[in-house]
Structure formats: structure tokens, C-alpha cells
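Chain lettering (A, B, C, D and E) follows the sequence in which the chains are written, and residue indices restart at 1 in each chain.
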Amino acid sequence: MANNCWDKMLKIFSWICTFLLVTAVFMVIGFLVVKGYKAVSLELIFADTRPFDALLLKRQVFGGLFPAMAGTVSLVVLSMGFALPLGLASGIFLAEYAPFRVKWFFSLLFDILAGIPSIVVGLFGFSITIFLHHFFSEQIFPCLLIASLSLSFLVLPYIIRTTQMSLESLPLQVRLTAPCLGATKLENIFLVLLPSSMSGIISGIVLAIGRCAEDTAVIMLTGAVATAGVPKSIFSSFEALPFYIYYMASEYTDHSELMQGYGAALILLIISAGLFGVSYGIKNRFATKIPNRF
Amino acid sequence: MRKKQIKIHIKDLWFYYHGRSILENINIEIEKNVITSIVGPSGQGKSSFLMTLNRLWESVDGATATGTVEIDFGNGFQDIYHKKYSLSLLRRQVGMVFQVPNPLPMTIYKNIAFPLKLMGEKDQDQISAKVQEALKRSFLWEEVKDRLCQDARTLSGGQQQRLCIARAMVLEPQVLLLDEPTSSLDETSVRVIEQLLLELKSRCTIILVSHYMDQVKRIADNKLVLSDRQFKQQ
Amino acid sequence: MRKKQIKIHIKDLWFYYHGRSILENINIEIEKNVITSIVGPSGQGKSSFLMTLNRLWESVDGATATGTVEIDFGNGFQDIYHKKYSLSLLRRQVGMVFQVPNPLPMTIYKNIAFPLKLMGEKDQDQISAKVQEALKRSFLWEEVKDRLCQDARTLSGGQQQRLCIARAMVLEPQVLLLDEPTSSLDETSVRVIEQLLLELKSRCTIILVSHYMDQVKRIADNKLVLSDRQFKQQ
Amino acid sequence: AGLDDFKSEEKQVLRISGGTAHIPVMKEAAKRIMTINPDLQITIAGGGSGAGIKQVGEGLVDIGNSGRRASDAEIEKYGLGMVKWAVDGVATVVNPKNPVKALSGKQLQDIFSGKIATWKALGGDDRPINIYTRDKSSGTRSVFWKKALNKGDISDKANFVTSNGAMKSAVTNDPYAIGYVSVGYIDKTVAPVTLDGVKPTLDTVKSGEYKVARGLYSNTKGEPSGLAEKFMEYLLSSEGRKIVVEKGFIPVN
Amino acid sequence: MRCKDTIAGFVFSGASVFSAAVTLAVLGFMIVLSLPVLKNAVFFDVLTAPWSPDHGQFGILPMIVGTLYISLLSLLISFPLSLGCSIFIELVRPDGPGRLLKKIVQLMTAIPTVVYGFVGVFLLVPIIREWFVYGSGMCILSASLMLALLIAPTMILLFSQSFARVPQSYLNAVDALGGNMVQKLWYVILPNAWRGILTGIILAFGRAMGDTLIALMISGNCVALPSSVLDSARTLTAHIALIIAADFDSIEFKILFICGITLYLMTSCGIILARSLDRKPG
């Protein structure tokens, strides 16, 4: 029957697309795993330094990933430190306080912010630094602080919008429960609305963390360097995993450095996938499923 | 005949959603300590009317109400729409139960204790005693006494409904607004809840929205029919 | 007494959601050209049972059915669960109307013409004639003849329900499955639809899920009670 | 001066950026210093000679490396202090698999300007020539452009890379590539191209036979002071000179 | 009580005013910094000239073309693929594989771009070079292939989301009337989900245009106008990354802000378009 024939063609087309995509993804991951698994070891991270000494910052690590990982961790911590309070507060404002027009305009702005290429955010951070260096203080350089501020601008819209959307998607019933029992607006937000929309908010936050950990373009312009050691203060330059991978891909000098590049790429991949897993788990734990019913 | 005593005076009440009027020029009185039922076709504004009695519409986007609603909480009639009138106070006096049960995402115990916490009650023994009393009065105690620390959302529909009634009652409100409290419940649960309402009557002024005429006949003392944005008393 | 003629043989039918059985070992027969009503408490599997008769459960996540359902479409009993049995063909013979009316997001006219289009009917005059006939038979023609080109979703609830019945009927199915077709309708609409069903009976085998006992008494010839995963014929 | 000088230093940061030819030496020196005194932090970035001069001039870094002499205008504008600590050449390189290993100056210019477009014309495979070049900020490029290409055009079809290291690995990975790197970077993964009969090696550079030569400089704003000064002294010390030799450059006397 | 509420309101609104100001500041700052160039060279000139600092030409036309070329090509590759995959997930729905694919696609969103770039350099580029026996393998095609992979999850997730948002009752109607899968797709799903599909395309295009690392690492970065997919090309984003090291006072450096403004405006237009599609009732 002609009907069935069309159906079959659609099915075959979708199977082919799926096959192509999955193959491509597994090629990417498989390539890294096959080439990089041998490189992944304590030595890759700590080189010839004793891990204990390195972790206690007693000795510097040379030729290992430890400084880059430390840099990435500090970046993530700092930028989330800026972005979280700001993002949550703005999300709450948009969902619960803003009048319609304000909400419309602000969420347009945040969507635009989310769409700005990260290199442009980096350029912004860089030129701010130069500007401040010229007109404010000679002591301001591209550094960890600047980079994490720029990164926080990058992930801010994610946090704002997920907070806003999870709050807004709460049914009117939930929203009215506490006021009906005499709660003030603030009590309602903190005792009922936020806890009820936690799953959405947390998974938004985890995605933002992932973005901080992986973004290269921003830090490339705002203070990531080839060699810096573990960052000693927020005013110093730093190494970071994604930048390290970029750097190694183009300027490895010998086989062992190339292998470090593979190892670093694999580790970053594992970290990102791990974060993804965490956010997925959280979502699943909190999610209430609505079955398809007739 | 019963002695008529008025609890709520509603004068010249208008209600709008986004400028579209839902209720027009409502002037009615609600008797004290009886069950007043509100009936009428779907979408006429029954739920909206309930929200005008505890100013809950202020939390709803696009809703507006004008007019005066005066309630006598023991010290004479006071206009609850007056600016100075404390919202929290009002809502503790006017309990409300929604059509769809809305347990908060916490344990059964905490759900009932929540309004007490909002009031600033700190004494744990007090709270515990009140929670227990409320659960007993709503015929729920036997069913949940072993699982007070479970999430309230694991209760069955009928149990949730009774939980919400218990929660509304724990503050001992003088007025209780019920929005189709037995919709989508099975026969037995319905009877249990009706029983509960009849018991409550002595302490509370109850306003009940219902679709079911038989139910109204069974338990309501007064009946208000809402149609065309107006009430017709019967 | 009526002459008993069987339309559907159901043998050893089991139905599961995610491995949890909803219906167990159902063995019943459904009579031809009468209205068989299915009643039973909520959540027992009435809607699920209807879905086993046109294999609609195959589109539902986690649903499984086993057993045989044989329907006589004029050329002897055939097992509709047989692999080779064409789904499209089956569903054109077994019309279904859902509990909640589900007009498609197109004009009233196109909604009714849609099944014809799916069948590959091209002749516009034919289509137009059939649409008109279906609308007339479902007592909807008078109400909508001036607005055939309006979106079907602008119809009132009762009209939508009749639209869906008309849409199911336009292919002249031999079996019609109706899932609470009058829930949430007002009295008058209910009567109109009941009238329609009684008329259809001569051409159709109708299986009707209903919550309302009075309705069942009014129009059903047979009554099946579903409880504890089994049918009890009465 | 030796490493011991750094032992007594307080917690400090020394920022270095600029020329990418310098990086291997800088990294090694930094490693030794930071091992002696973990309180010190030395950060090294690339960017190219232009960036190095500019950044040190603006005070964004403490030491700006350059693979060319800073221009008089730059020196004047920023008051730069300059230390030349090595001599280096810029070699044309191809992939080791490429049979073409010698070119005349004219041929080189024609290749880079795009006039000669395939290796076949030079006796190699029948494949287009992939030119790799650096951006304007590179000292290596400016020396190569002046001394090897005689300021001839570089085709706009050329691929861009951002450092000496990147140039080397690009040429290593691409069998049909041609590019130029600092002589110090040459190892067996890339093949130097004999230019007008002179093979670019340390010896030919040292002897002056290979013309495309240059100094490696480290610049500071004003005369070097503090940690920067110690760092420069270390580079010029005997230990520092050993590092320079180790990394394939010619230390200055 | 009241007082706490008011303070909280101020804090919340202050936070969002600040966040919103950042968005505007990014644009404002770039405009201010590029004013000197805009004053003496007309914006239009910068957009149309070639890039050749040696000859005093600072046009970014080749980069704009490169950006559009690479991102359009990646969209062209990725769109049918994504459509097929979302049909697989939402319509064909083989039980196990369907859910597995969805998980894989969600996981793909977590793969860092620099990893794509890295794999591109060492896996894809040599393959392309040897396959087409042309150029260095660092070309528009390589970059587009990797970008296609990068943007596929954006599209697949948005597509299948908008497929899933087609009311179940419509699908049930078609099922119960005996329609087949193609008819379901054609008559019900596509007419109802096209906004979502278009939104997905626009957002994916923005993502492709805004990505830096893949283009920087594997498109070759040459400044000539590309004439074929096997030519090397430079995107606006890569241009910024490459030129950032230049002298801060030079014209080259100031041109970067024009690149930034161009990117900003292009992606903002996309977002505004996507939003205006999304908001209208279906």
C-alpha cells in the first residue's frame, strides 16, 4: 500500500539520520578515549610532583594539568559566586515582581545577553580591563577576577531565565496556597515557591557551571595564559583546562605534550559529562511525571 | 426558624479579569454559622467570588475588584478592602480550600504546621497538639498518624482534600471558603467530608461552591445561584 | 426479545501499563447494532479497554495488550491483533470519540473532511456532500452551517463533542467507541447526543463508557461493569 | 647571579608575554625559579612580539618579549629597557615528507606571493602549496618578511597561525605546507629549507652565513628592576645561557 | 514585615536592573570604543573592503562572508539530520533506541566546543585533506562539519520539544481516524510545530555564528574571500581572537569592536526574530 511505503521511507530516513549523528558523536568521543585513555593518570595531572604536596600547594606542578584544573575550579567558583546571587535575584524579580512590560523588556534583554557570542563578552571584559588600567589604576590587569566576572555575565542569563521559568511554571494553585494561609509575598517566595521549583533551578545552575568550565573564548581574552602555576590571588593570570587544550592542539612541541592534550580533552569531557549527569539526576529526582492519558 | 445573624456584608462588589467584568454590582449578605452554597454553570465566576472574600485575587495577574466587603470578626463590621487592613490577619480569619487539593511539597505534619509557623508560633508542643487536633477533626488522623513524616503529595486525592481542610482549620478561621471540595472524589470520601462540614458549622461560617445539586440539598442551609454576573438568592 | 448477533469476540485479553496489569483475562462478546455501556469506578481501565478495540494503545507509552480481539466486518471474524491487519483500515472501521472533545486545529469543515482526506478521497463534491450529511446526522448542521470556515476550536463544548462524533461517523464505521461523550455537558446537549446515539444504533455497534447511571438506564441495551480488572455482565 | 637570588624573594607575581619564539626558554627558567621558591608566580603568555612590546609599554606585563628590535618610536614612546639574550634565525620549513628541500630567494618570494601555487612546479607532488603565515604582531614574521621575502607580498590565501609552536605543528601535520619558524624550534618533525644554498642551522646563523637572523629581546618599561631585573640577570648568567643553548638558541656574550 | 518585603523588592529589582545594564553596556562600550574608526572611516567601508593591514585596508567583509558561509553550511548539514533525529525521537519512537538517542543528544549539549575543535584538528582535518586531495584540510567544510555536530542538539531538542507540544488530543484524533505517520507529520505536527522549528533554526544559527574555537582551530583563518567549501576562511569570532594581541591604539584593534558590534547585532536580530515567533499564539 502506498500509505505504508511513505511510512517506511520516513522511518528509514529517521534511522539514517540517527545513525549518522550517533556515529559522529561516538567517533568524537571514541577518538578521544582511544587516543587519550593511556595518557590519563596521576602523572598527567601532577607530573613529577607528589600529589599531596601539590594539593597542599607546597610545590608547584610543572608539565601537569594540576594548575589548569585548579584554575578552572577557581574560575567556576568565582564566577558562580558572582552570577548566582545576581541571577537568582533577577529571576525572582522577573517572575514575581516585574510588571508585564518590564518583564517583557528585561527578558528580551536577557535573551539577547544569552545570544551574545562568548568572544564578544571576552572582548568586553578585555576592553574594560584596559580602560580601567588606563584611567583607574595601573594595578589592574587581565586576571582571574576579570575573567570570572566576564564568565559570570556569560552564564547570568541562563540562571535568570531558568529561575524565572521554573517559578513561572508553578501552577496558580501552588502559588496561592501560602498567601491563603496568611503568608507575605517574601515568605511565599522563600518557603514555597523556591523550594517547589528547586529542580529546575538547580539543573539550570549545573548547566551554568558546565558553561563556566568549558568556555574558552572568554578566558582567552581575559587572562588565561600558557603557564602560570596555581593561581595565588584573584589578581593574577591563570591556566585553565579548556585553554590548555586549545593551546596544546595548536602548539604541542613533542609527542608527550600532544598526549597531554588528549588527556586534558578527555578529562574536560568527563567533567562536563559528569556535571550533565548531576543535573539530569536532580531533574529526574524532583520531576513529577504526567503520563499520557486519554 | 433559625435566628438570622449576618457575618458578611457585600456591597456593590465588581470583579474584573483584565478589564472584563466577571461579577457586577453584587450586593448580598452571608449568614453566620451556616453553610451557604454557591452554584452556577462553569466559568461564571464562582471561584472568583470566593477570592474576593479574602482578597486572594490580589495575587492573581490581571484581577481587579472594587466595592466593599465587610466582615464581622467579633468586633463589628470592618471593610476588609480598606488599605490599612492587614492581609495576613484577614487570611488567617478567612480560611480557603481549593477545588484541586494543593498540599505543599513537605511532610504531612509540616503542611499542617505551616500556617502556625507563618504566625510565628514557636512552641513545638503547642504546634504538635494543634496539628493532631486538626487532623482528628478532619477524620484524617487514623489514616495518617503513622506516616506524618511522609511527603503530603503521596496521599490519595480524598486524603489530600481533607489535609487541606485540616490545614485551613488549624488557625480556627471564622470563615471557611470551600471551592468544590468534593469534586473528583469517590462516594465514601464525599460523605466523610460532608460530615466534617456539618460539624464545623457550629464554629465557622462556611461558603461552599459545588456543582452537585444533591450535595447542596443535603448540606446547605442557603443557596446562591450565580448567573449572568449576578447572584440570585433562592 | 431481540435477536442476538455477535459483532466482537474478545478472548483472553490482558492489558498492562508498564507491566502492571489493568485488565486480566477478559472474555466477552459484544452484540451487534446495540448500545453496550461500560460502567465502573474511575481509574479501573474503562478507557484502556476501549483502546484495545482499535489498537490505539500501540501509540501510548508503556501500554501492552495480549490476547485476541475478533471483529466481524461483514466477512467473518478476523483477529485484529494479527500482524498483517492494516491499522488504518481497522481504525476506519472502528471509530472512536474521546472523553474530552479533540477538534483538530482547522476549520469545522476541514475537521470533518479530514478522515476523507486521509483516505485519499479527492472529489470535492463527494467530500462536501459527506461532510454535510455527517453534520446533519449529528444535529449540528443547523448550528454551524453559516460558520463552516471558522476554526473548530471556537465551538462550545457540546458542539465540539458532536463535531467529534460527526467526524468519527463520516467514514461510516461499523463500530463506534465512545468514551464518556457527555461528561461536562449541560442537560440539553446531553439529550441531543443521546438522541443521536439511539439513531445511530441501527447502523453501528456502539460501545459507550459512562459515569452516569441514569444515562445508562436511558439508552443502553447491555451493561458491562468493570471492577477488579474483570467485567461483570448484568 | 644564580637561582639562589630568588630564594629570599617575597610572594610576588612576574608577568611575561609577547614573542612566542622565547617561550621554551622562559618556561624552563620559570620552572626552575618557581621550584626554588614556590611563593613566586611567573606567568607566561604568547601573543607575538608586537603584543609583548605594547603590553610592557602599557604596564600590563613586567617583561615583554620580542623577536625583533623594538622600533625607535616604540622605545621613545614607552621608555623601554631592552636586553638581548640570544641570537636566532628564522628558517623556512616544510614537512619532512616533502622532497623539496632547497629554494632560491626568488622562488620563496613567488611561493609566498602565490605566483607558484603547486609543489609540482618545484619538483614535488602535484598538490597545491599550503602557505602558513603569522599575523602582523609576530616578530618572526617581520624578520622573515624583511630579510627572506624582501618585503614581498604574502598571499591572502595563506592560513594563519598564532605562534611559532603552532606554525611548527601545523607544518608537521600538513605534508604540503610551507611556513617559517624560529631556528630554535627546528627538530625532526619539520624540515628546514636551504635558502640560496645556505641551510638554516645554529652554525650558519652564528657564522652570519644565513642571512635571516635576529636577536631575541626581553623588554621592560624603563630599566629593569626588582624581580624582572633578577630574572634578566638569571637569563644572562651561566645557568641561563645553558638553558638558552638547551632550547636551541645561541646565547649572546 | 512590610519593611522586609519592600527591601527585598528593591534588592531583586536592583539585581535585575544591573544584569540588564550589563547587556546594554556590552553594546554601548563597543560602540564608544569604535567611535574613532567610525568617525574617519565610514562604517560601510569597513564592511565592504578586504583585510590587508600592510596596505592600510581594514575591511571585515571576508570575515563576514566567512562567518555566514561557515554557519550557513553547518546549518544546511545539521538541519535535515536534526529533523530526522527529532522525528525518530518523537514520531517513530522505537522504545529503547528512541530514549537512548534523546539521552545521547542531551549528553551532546555537554561536550565542550574546544573538544570538538581538538578532535577536528587531529581527526577530521587529515581526513578531509586526503579525501579531497586539495588544500590543507583546514577549510570551511571541516569547520562546518564540526559546527553541525555542535548545533545539532540545540535543534533536535527544540524540534522534539515543539513536536511534543503538539496537543496529544490532535495526535489521538489522527490515530483514531486511521492516519499514518507521514500524514500525522504533514497535516498535524508540522503545521503546529513550525514556529518551534524556525526558532530552533534561528537559535542554532546564532550558536554557529557565535562559536569561536571550532572556526579558529580548523577553518585555516585565511583572509581571502572564500570561493569554495574547501577554501580556508576566517570568521568574525576567530578574527577577534587572532587580532586581540595587536597594538591597542592601532586601527586593527579598533576594528575588532566593529566585528563585535556586527556579531552582537546579528545574534540580537536572530533572538528578536525567534522571540516574536515564539510569543504569537499557535
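By our rule, a residue touches a chain if its C-beta (ideal position, glycine included) is under 8 Å from a C-beta of that chain, and two chains touch if they have at least 3 such contacts.
Quick caveat: nothing in here was measured; it's all calculated off a predicted structure.
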Inset, instruction - Average the CA atoms of each chain to get its centre, and name the chain whose centre is farthest from that of subunit A. - result: C
Inset, instruction - Name the chain whose C-alpha centroid is most distant from the C-alpha centroid of subunit E. - result: B
Legend entry - Result of counting contacting C-beta pairs for C-E and A-E, higher pair: A-E
Legend entry - Averaged-CA centre spacing for the pair subunit D and subunit A, given as whole angstrom: 36
Legend entry - Centroid distance [mean C-alpha coordinates] between subunit C and subunit A, Å: 51
Legend entry - Whole-Å gap between the CA centroids of subunit C and subunit D: 82
Legend entry - For subunit E, residues that touch 2 or more chains besides their own: 1, 121, 172, 180, 183, 248
Legend entry - Residues of subunit D touching at least two other chains: 46, 58, 161-162, 170
Legend entry - Residues of subunit B touching at least two other chains: 88
Legend entry - subunit E - residues contacting subunit C, complex: 167, 169-180, 183, 187-188, 191-192, 282
Legend entry - Of all residues in subunit A, those that touch subunit E in their complex: 3-4, 6-7, 10-11, 13-18, 20-22, 24-25, 27-29, 31-32, 35, 85-87, 89-90, 92-94, 96-98, 106, 108-124, 126-128, 130, 153, 156-157, 160, 184-186, 210, 213-214, 216-217, 220-221, 242, 245-246, 249-250, 261, 265, 268-269, 272-273, 275-276, 280, 292, 294
Inset, instruction - Using the touch rule from the top, collect the residues of subunit A that touch subunit B in their complex. - result: 172-184, 187, 191-192, 195-196
Legend entry - Residues of subunit C touching subunit E in the complex: 54, 56, 59, 87-92, 95-96, 98, 100, 102-105, 114-115, 117-119, 164, 167-168, 171
Inset, instruction - Spell out the part of subunit D that touches subunit A in their complex, as residue ranges. - result: 11, 13, 15, 17, 20, 23-24, 26-27, 30-31, 34-35, 38, 41-46, 58-61, 161-166, 168-170, 185, 187
